[in-house]
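Starting off with a structure, shown below.
Naming follows writing order (A, B, C and D), and every chain is counted from residue 1.
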């Protein structure tokens, strides 16, 4: 193991961090925008609303992201109609293809995570909002979503970290983010050990940083752990009184 | 496309074999790691903690590339002669390492969610610690872990596709070869999707049956 | 326990292999089997192609029984080093980097590389039959390269990852053109036809086959045929450094078969052109 | 369809419910209940569990939509699409009307139902801001006023998880009051509380009763009902079986069921 090479390649690979982060956050935002309404549809008791969303999440969660990326990148590029349409301006660029694939894939997972959170919101919270006369949209926006979001925050944090890792697949469609740069570097130096370890260290740094951020966010939104135990005691009391 | 049907069948076999071998090994590794993580021996617990944190924080693709390309170099240096790490072996090793890290966390969580009273009850019956583990903790833990395990297995099936990047002729690679040589990427990748979807659905069904079979009444 | 046994067995095999080095009767040759028409796997699952025919021709001349095995590109040099086989005939360029670990015969083919570009980019006409050897670049060659650089400015070029072409493109055009690396030549071609990239650099003969397909019609050769430099003097047989006897025998056989036109004939059969090295004639 | 005399009734303020029927989970929970609450009246509804008293209360602001029957709130008839003969759910047809009516009736729940992600003050101001479109700063003043009224001025910025059960229920009452409703509905407001916390909630409710507010209270607190209400109703198996001023209700009950009920809750 050549430590000097490891360190110098870390510096070289660091120039891929902005693209990795850009891919991550852009797909994160797009995925979230997509997932929130879909999650409400998925949680709906109306079959014609929930079933199409289920089909979408089932297919995107049941197939590898790599295949999805290749369908979007190579598959759509094959269709003449798409190549001659306005869409091609975006799909021509590997970055937008990745963004599309990661957003759609991430949204499928996020939808299911939020659906769980939405369905777990106690009916009492919703009834209390109905009782003051809030509209269904107000209830979703101000009551259900904030409560659901807090309860699914740990799962959502995992999903965000998965997304960071998923961006490494962008290297398969020629993008030079951290993984792409490291593969390029390996083909120039023939030192796979040092370079891939350097890449791994960078990713680990990013994921740990994000995990830390979400931990802080969780504490901030859900209160201190001490408050949590108190909350549990209250719910126990409620149960003990036999609802 | 006819010739590719045969190739898809062999690719399917490779994918399934890869998933089953690395899944079985990974679960064994995960069990050991969970036991190590929960052990009173601090150093061991820390080490396992490092392992799971690092593996879960690094993209699978990097781990695969490292083991495939780096593994050859490292192992060869170790044995003082060339040892070939083929794509299948690299795939098994890397997916085992990854699967082990995730299942270790699942098993650990499951063990921790078993009420301590149960363990105390087993102790008070005079069971040996290992008997307690085998008879009380393990069966319950597996049951609790089942839903999360199902998810992890489905992830594993999908992750096998990454091994195609280092040249394993699995479903994904057959699709890539077909996509290139017949210039029909959409057809071939959609076919690959269908195969993967079938596999993950199958895994889902199996785990549903298992869950029903081992359901804990009242839980 | 088992590992010890394997090690012992491997050691035994090694010794056995060494014992045969002087007076061999048969050799095993590795080829990639994935780069038609150089070498590929035919419908019967057997290796075929230019490399295989050349291999058989050479074996006949040095009077050795030869068997072909297929081996993925990534492991083809390591496999030779551990004596899984004795030679590589797989369209492998003789490069300085490879020479650090293995030995080469004299070149049995001189396969040029060439840039292809999509039609309709408004590029000036170029002499695609001119040849440019990148070894020992003089002022005249420098001028040609400079002109290429001008024309490729702002274009996107695709190359096979870890290939010599990638190294050349990055070295010569990396600062003026965008370079994209592909895992396979096929994906590169897909992106060429879908117009994601403007062109690429690679084996001229592989391009030629592609240009003859309907999809390849939209693509044309551009600029001179490139050789030398990173690619080295041409394509040779890869050998272990210690097998000097085999190298000597093969060198003689190659020289003879170039001179009497045997390789030229095989080349015409597979490529439609004679790519036997000029120096041999 | 309302006939002539009922049309007259609709002009009077207060709550009127006629022939309310509701089937839930295969049981006839309400079997044609009539209910009348006049302004300023404090009606306690008592009855053993499963008698339908909570369901009746929830029907009044349509948290539960009755299968049959009519409801007038402050003289306005609620638009309900009645369930078809072959089952199915009854549903609300005029959603705006329902929201308007709900805003005019504060409801306090057994399990408080405070929104956990909002402070006590935010719980109180959320309704006025979103539903009544009151400006945030004005709503905050309003919220503080009502928190003061339930004795929790100092807990404005506390989150529900930091409050005791009794404090949470008082915040819930302030939340209902902040909408400045014409009627207050209480659904067993003290049932989920530890015994030592019941008193503080009942004291707040008694103070509200003293202000002459219209209140409908479903409760098990006999002493409280006797002391505070202007009228008490006893529900038994989906019907109101006896209804009278509290003195009569508790001292000389007519129905044998009520007598048994009172005896068992002594």
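We take it that a residue touches a chain if its C-beta (ideal position, glycine included) is under 8 Å from a C-beta of that chain, and two chains touch if they have at least 3 such contacts.
All values reported here derive from a predicted model rather than from experimental measurement.
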item: Distance-to-centre winner among chains (Cα means, whole assembly as reference); value: A
item: Where chain B and chain D are represented by their mean Cα positions, the distance between them in whole Å; value: 55
item: Computed distance of Cα centres, chain D from chain C, in Å; value: 86
item: Where chain A and chain C are represented by their mean Cα positions, the distance between them in whole Å; value: 43
item: CA centroid of chain B to CA centroid of chain C, Å; value: 39
item: Sites on chain D at which at least two other chains make contact; value: none
item: Chain A residues counted as touching two or more neighbouring chains; value: 74, 77-78, 172, 183, 186
item: Interface hub residues of chain B, defined as touching at least two other chains; value: 69, 165, 176, 179, 183, 185
item: Touching pairs among all chains present in the structure; value: A-B, A-C, A-D, B-C
item: Chain B partner contacts - residues on chain C that touch it in the complex; value: 7, 10, 72, 74-75, 78-79, 81-82, 84, 183-187, 189-190, 193, 215
item: In the complex with chain B, residue positions of chain A that touch it; value: 59, 61-68, 70-71, 74-79, 161, 164-169, 171-172, 179, 182-183, 186, 192-193, 196-197, 199-200, 203-204, 207-208, 211
item: Footprint of chain A on chain B - complex, ascending; value: 53-54, 56-63, 65-66, 69-70, 73-74, 154, 158-162, 164-165, 172, 175-176, 179, 183-186, 189-190, 192-193, 196-197, 200-201, 204
item: Chain D-facing residues of chain A, complex; value: 122, 124-125, 127-135, 138, 142-143, 146-147, 150, 221, 223, 227-228, 230-231, 234, 237-238, 241, 243
item: Complex interface listing, chain B residues touching chain C; value: 69, 72, 76, 79, 81-84, 86-87, 165-167, 176-177, 179-181, 183, 185
